[in-house]
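One chain, chain A, appears in both complexes that follow, with chain B as partner in the first and chain C in the second.
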Partner chain A sequence: MWRYLVKRILLLVVVVWGITVLTFAMMNLAPGDPAMLIAEARYGTDLTSEQIEMVRAEEGLDSGVITQYGIWMGHLLQGDLGNSLVTGDPVWQEMGERLPATLLLAGFTMLIVLAVVVPLGLLGATRSGRWDRLVDILAMTGISIPNFWLGLMFILLFSVTLGILPSFGMSGPLSIILPAATLAVPMICMDLRLMRNSMREVMGEEYIYTARMKGLDNWTIVRRHALKNSLLPLLTFAGLQVGFLLGGAVIVETIFSWPGIGKLMVDSIMVKDFALIAGCVLLVGVLYALVNLATDLLYAAIDPRVRYDM
Partner chain B sequence: MRNLKAIVAVAVVAVMVMAGLGILALSSNGKQSGDTLTVAISSDVNSWYLDRFPDGDGRFVWSQVYETLVRLDTDLEVIPGLADSWYTPDGGSTWIFNLTQGVEFHDGTEFTSEAVVFSYSDILSVKKWGILSCINDTVALDKHTVQFNLKWQVTLPYYLTHVAWPIMSPNMATETGEWNGQVIGTGPFVFSQQVTDQEIRLVKNEDYWGEEPKLDDVVFKVVTDPTTRVFALQSGDVDMILKVSENDVAQLESTEGIQVQEALTTFTDFLQFNTQDDEHNLTTSPFQDLDVRKAVAYAIDTDAIVEDLLMGHAEVAGGRTCSPNMMYDDPDLDVYEMDLAMASQLLNGSGWEMGDDGYRYKEGTRLKASILMTTEDAWASRFGAMTDVIADMLQDIGMEVTVDKVPTSTFNSMESAGDFSMILRTGYFVWGPYPKHYFLHVTNGVWSHFDNPDYTQLVTTADATTDPVEQEWMYHQLAEMVIDELPAFYIDHEHKIVAYRDHVKGYEITSEDPWLNLDGVHLEY
Partner chain C sequence: MTCEEKWYLAIRRDPVAMFGMTVITVVTIMAIFAPLLTSYDPLATDLSIRLQGPSWEHPMGTDDLGRDLLSRIMYGAKYTLSIAAVVVMVSAIVGTALGLLSGYIGGKVDLALMRVVDVMLAFPSIILALVISGLLGSGFVNLLIALSLTQWPTYTRLVRGNTLSLKEREYVEAARALRAPRRWIIRRHILPNTLSPLLVVMTMDVAHTIIFAAALSFLGLGVQSPTPEWGSILRSGMPYLTTAPHIALFAGLMITLTVLGINLVGSWAQRRYDPKGHELAEVMA
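Moving on, here comes the complex of A and B:
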């Protein structure tokens, strides 16, 4: 177990290094002169070419890509992600301000998803026919609805028409409901189908027949034998979804003015703020890898057949 | 062991949620009460100090906290601000401002010449370049009199109305001139709190020197998405939204409890041509040929753009550079009207013959052009529709037009590389009634793609002329020159649209952008 953990953490380091290389490569392939963008952000649109060159020299943008990468990696190894090229604030500080909002939104969304999917999945284990079709319809509908549309419809219904929930911002416990629900709906629809299929598969296993023959009632079979086994695929998928929530909830964060890391990342990409982009990508990459590791470890907790002895 | 892991997993989620709820509780401010006006803006204030202009809607916030020496009234007439009078003893090379007395900064210190010298001093970038680079130095003649010595003559009072370079307290700077983190202006509202990308909270300046503000607080909420801003107003989460899209006006006007005001601004949307064949030119622009530029001007139906696309919430420019409310606008200027026959004639004359496939060709090359626009500024939704419509209109004269809707970073690099043939933009060098925007098209300007020494000379001379009659004549000449030479085709004069809830009383929209006029605004439920 411990050896496995150490091995995974070493792998994580390689993954993170890969993320940094890819980020830098992609940033340099993308069009746009960062010196000009920074100069414009700092001094406004009426620029002179001297100002642009001054910014280029100040920010070290006149050196080669590999040199720039080397300098950044050197600082990173000392725990320094540098300062945002645009605001001048430390990257850690900028990300630190945003991360809690993202973690909160991701955590709350996952709670909603699991709170809906697991009971409905259990319910579905003992039903078929109409229930199956309902799950299929729900899944197709949920996956097909674009996030931005759903978010706006939620605002229209719950804020404008009913007036019971805030339409935007992070300004009180109620304000998380709409963005989390917007993120949760497609995830619920996807997970519900997964859970249904998994449950159905498990319920067809021989040990379930054995349990039935022992005379156990349906609920006891589901609770004691089927649930844990059917949760494994859901767990894998949920792990991936947390990764999506940490970095990809950009549209929902924008619509609801939710001050998360996804929005920060997009904003920094738009102005080519190298330091901030690299910091955000690194953070999201590390979180994603950690969530995957946690998922794998949870496997062992749920399924005693899984052993990490390698 | 297994139970332990499950407990740990649940605990992690629980801690995450608890931590978040804690943050929510901290940032929670509950329902606004009393005379607190809540205004939705599209972007946060990214700078509070003179070394860097605030982007986008941040300037609406500045206009409550900071003030300028010279102000504009709702009709764009120059009126006293932090200076109560001014004059030039030598035809515009020197300007002397007599400061308004009895004004205090938000920290209780007196507003004197020292603050003016500080705000336009060498350590701050604002003076070093750009529009204010005409200022050589600023000298305090006494406690309430300041002299600006200029490198060349300009009508300085107009320059000093811009909210982007207001008067700030010297107490905002460290010894080396860096910002010390304090926000100290003289305006009707005092900075109280900023939650990044969420809100900026201002409180009433109890010792304001002008008319006492009727509001207790103003809260600016950052709401990036334009549709969410409209919904936030409709749901009552905010009291006022600025820069409303033309498409949302009808819906808002028909909503009970919402008022809409609009006013002609000084911004004019224009289609700028790449008239130069520089070494960076990646795609050959057909617009080095004046007749092709004129063909575009004749092919664009500006009436349809204003009436159908912008639903009447703009005015037709037809090539006119100045909005009718700007100084030296020439009401008798001959502007372009759509004339497809004329456009065809001009293209034929330039050797672009119509082919069988509906496109024009010259020596086997198809007539192609591109329109570049950024998807990231406040006008992106309007420009998105306008570029599509213009591309369609130009198709009718046999021009194949592609539209490049790109992020600002890509936009800037494409522009600087010359990789475009037209750009749709607005508002460059525009802040008040003075027509500084002719400066955009001078030879070698950073954003200029036009090289005409006569034009450049006339812009420089007009800017340095302080006699209004002479200056008016020169600006009329320039307006005609833009029509004749077409560095850009000016399409429509923008309307500024503000919507607010019924309980907001006393609001009067101004033509000036970006300025939010809260004089006399109060709430009545």
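Moving on, here comes the complex of A and C:
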């Protein structure tokens, strides 16, 4: 177990380092002179060449790419992500202000998803045939509806036509419902299928057969034996779910003007605020990598059958 | 696979997959024959008839500049399908080549390539696509670049895994023992046996590239107005959600239907050709 742990953490360090390289590389993708873009963000479009050169020297943009990466990485290791090119506030502070909203949205979405999927998954555990077909078609539909359209249709129905739910911003407890529902619908459709598959696998195991031989009824078997074991394979997809949430949040937060990291990222892309974009990308990448590590470790800790020799 | 039933005969027995196939066919016909199917110019504006709801003259209504929405959607199919086709082809070819290389040669090449793949997959791919296309700037070609750059790692990981297990099969070992050249083994034994799962993933990837492309255009980063790409039509309908909801409704409905059609065929293909394959959700992340 310890060997596995150390190995996984080393791997995480490599991946996180890779994330910084990728982030830095992407920031260099933008066409045009970065010094000019930064200067434009800072002083407006009326620029003198002195201003551009001043920015170039200040930001270390007059040295080679490797040196620039070194400087950037040096700041990063000291916990300095730089300042937003637009507001001038530290990137950390900007992200810190937005992170709680995203976590709230993600947490609430997960709650909705679990509240729907677990009971339905249990109900469907001993059924097959028509239920199977329904779950498959639901899963397909769920991944086929673009979340940006679903969000708009929710706004159209619940805010415009019925006028019962707010569609904009973060004002009062009701305003979380539509963005969370938009994120939750495709996840529910997908998770129902995951849960069905893992339930089916577990229901074919020998200990279920034994329980049946003891004369236990279906419901008791599902509740006492199958449920816990079928949640285990679902854990494998926890990382995936977080990925889905993070990716979805970018679009859903933008539609609903939810003041989270996703909206911050899109906004900073629109104004080419490089420091802020880099910060958001790093945050998402590291968060996602950590969740994946945590999932694997948790999985290994819960299921004694998992082998550590990878 | 020679003695098996042809796929176009087999698919007829599955009504759900057949529905998907029909949708794909209709959208493809729209993409190719749009100029013959409608007499309206998708770019011709007429402010006197702006924001009209569906009618006999304009079955899907008109947009904010009085353009016929149905004709815009028909012409838009061309953009949507060609973006998806190019991106999936490019990323599948590049990804497969790297996967074969990584899996067959192994060693340091494999180690290095897999770490790159790990890093790429350390992000939800929509976020990478968003950042890259945002930094490159909007436009058709930049959208293609951004999406291709983010999609290849999925293929590399899939093909590498398959190559690793195929490499140990007896017939490959036999070919190696006979001193068959490496390139011949890869072309003759490894690649053909990787093709089924590869095609299944490619089908699903077309669906998900359509969503990504539309999402980026919707955010204003991909294809720009007045080009009638579905995502950008949806974007242009957003300010009129209260007064003329039909613009957003029809544009989004077309995206959803097309993606659903492709996914239904993809899932049918998976059941048929790659039954032990990957969980659907893994392909989507």
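As a working rule, the second predicted complex is superposed on the first by the 263 of 310 C-alpha atoms of A that agree within 3 Å, B and C clash if a C-alpha of one lies under 4 Å from a C-alpha of the other, contacts with A are read in each partner's own complex, and residues count from 1 in each chain.
The rule we apply is simple: a contact is a pair of C-beta atoms (placed from the backbone, for glycine too) under 8 Å apart; a residue touches a chain by one contact, two chains touch by 3 or more.
Every value quoted in this text rests on a predicted model; they were computed, and no experiment measured them.
Asks: Is A:F108 contacted by the first partner chain B, the second partner chain C, both or neither?
Replies: The answer is first: A:F108 touches chain B but not chain C.
Asks: In the overlaid three-chain picture, which partner chain does A:D33 touch, first (chain B) or second (chain C), both, or neither?
Replies: A:D33 contacts chain B only, not chain C.
Asks: Would you sort A:P166 into first (chain B), second (chain C), both or neither based on which partner it touches?
Replies: A:P166 contacts chain B only, not chain C.
Asks: Check whether A:M270 is in contact with chain B, with chain C, with both or with neither, and answer first, second, both or neither.
Replies: Once the two structures are laid over each other on A, A:M270 reaches both partners.
Asks: Is A:T141 contacted by the first partner chain B, the second partner chain C, both or neither?
Replies: second
Asks: Which partner chains sit in contact with A:V116 here, chain B, chain C, both or neither? Use first/second/both/neither.
Replies: Neither: A:V116 stays clear of chain B and chain C.
Asks: I'd like to know which partner A:A301 touches here: chain B for first, chain C for second, both or neither.
Replies: First partner only.
Asks: Could you look at A:Q51 and tell me whether it touches chain B, chain C, both or neither (first, second, both, neither)?
Replies: first
Asks: In the superposed arrangement, which partner chain does A:S257 touch: chain B (first), chain C (second), both, or neither?
Replies: Only chain B is touched by A:S257; chain C is not.
Asks: Residue by residue on chain A, keep only those touching chain B in one complex and chain C in the other, then list them.
Replies: On chain A, the residues that contact chain B in one structure and chain C in the other are 30-31, 152, 155-156, 160, 254, 269-270, 272.
Asks: Could you pull out which chain A residues touch chain B in their complex?
Replies: Chain A reaches chain B through residues 30-34, 36-37, 40-51, 86-87, 97, 100-101, 103-108, 110-111, 152, 155-156, 159-160, 163, 166-173, 175-176, 254-257, 259, 263, 269-272, 294, 297-298, 300-302, 304.
Asks: Which residues of chain B touch chain A in the complex?
Replies: Per the touch definition, chain B meets chain A at residues 2, 5-6, 9, 13, 16-17, 19-21, 23-25, 27-30, 46, 51-53, 55, 125, 129-131, 164, 196-199, 221-225, 227-228, 231-232, 234-237, 376, 407-410, 412-414, 416, 428-429, 446-447.
Asks: Chain C touches which residues of chain A in the complex?
Replies: Contacts found on chain A: 11, 14-15, 18-19, 21-22, 26-27, 29-31, 136-137, 139-141, 143-146, 148-149, 152-153, 155-156, 160, 190, 193-194, 197, 237, 240, 243-244, 246-247, 250-251, 254, 265-266, 269-270, 272, 277, 281, 284-285, 288-289, 292.
Asks: Which bits of chain C are touching chain A when the two form their complex?
Replies: Per the stated touch rule, the residues are 16, 115-116, 118-120, 122-127, 130-132, 134-137, 207-208, 211, 214-215, 218-221, 234, 238, 241-242, 245, 248-249, 251-252, 255-256, 259-260, 263-264, 267, 279-282, 284-285.
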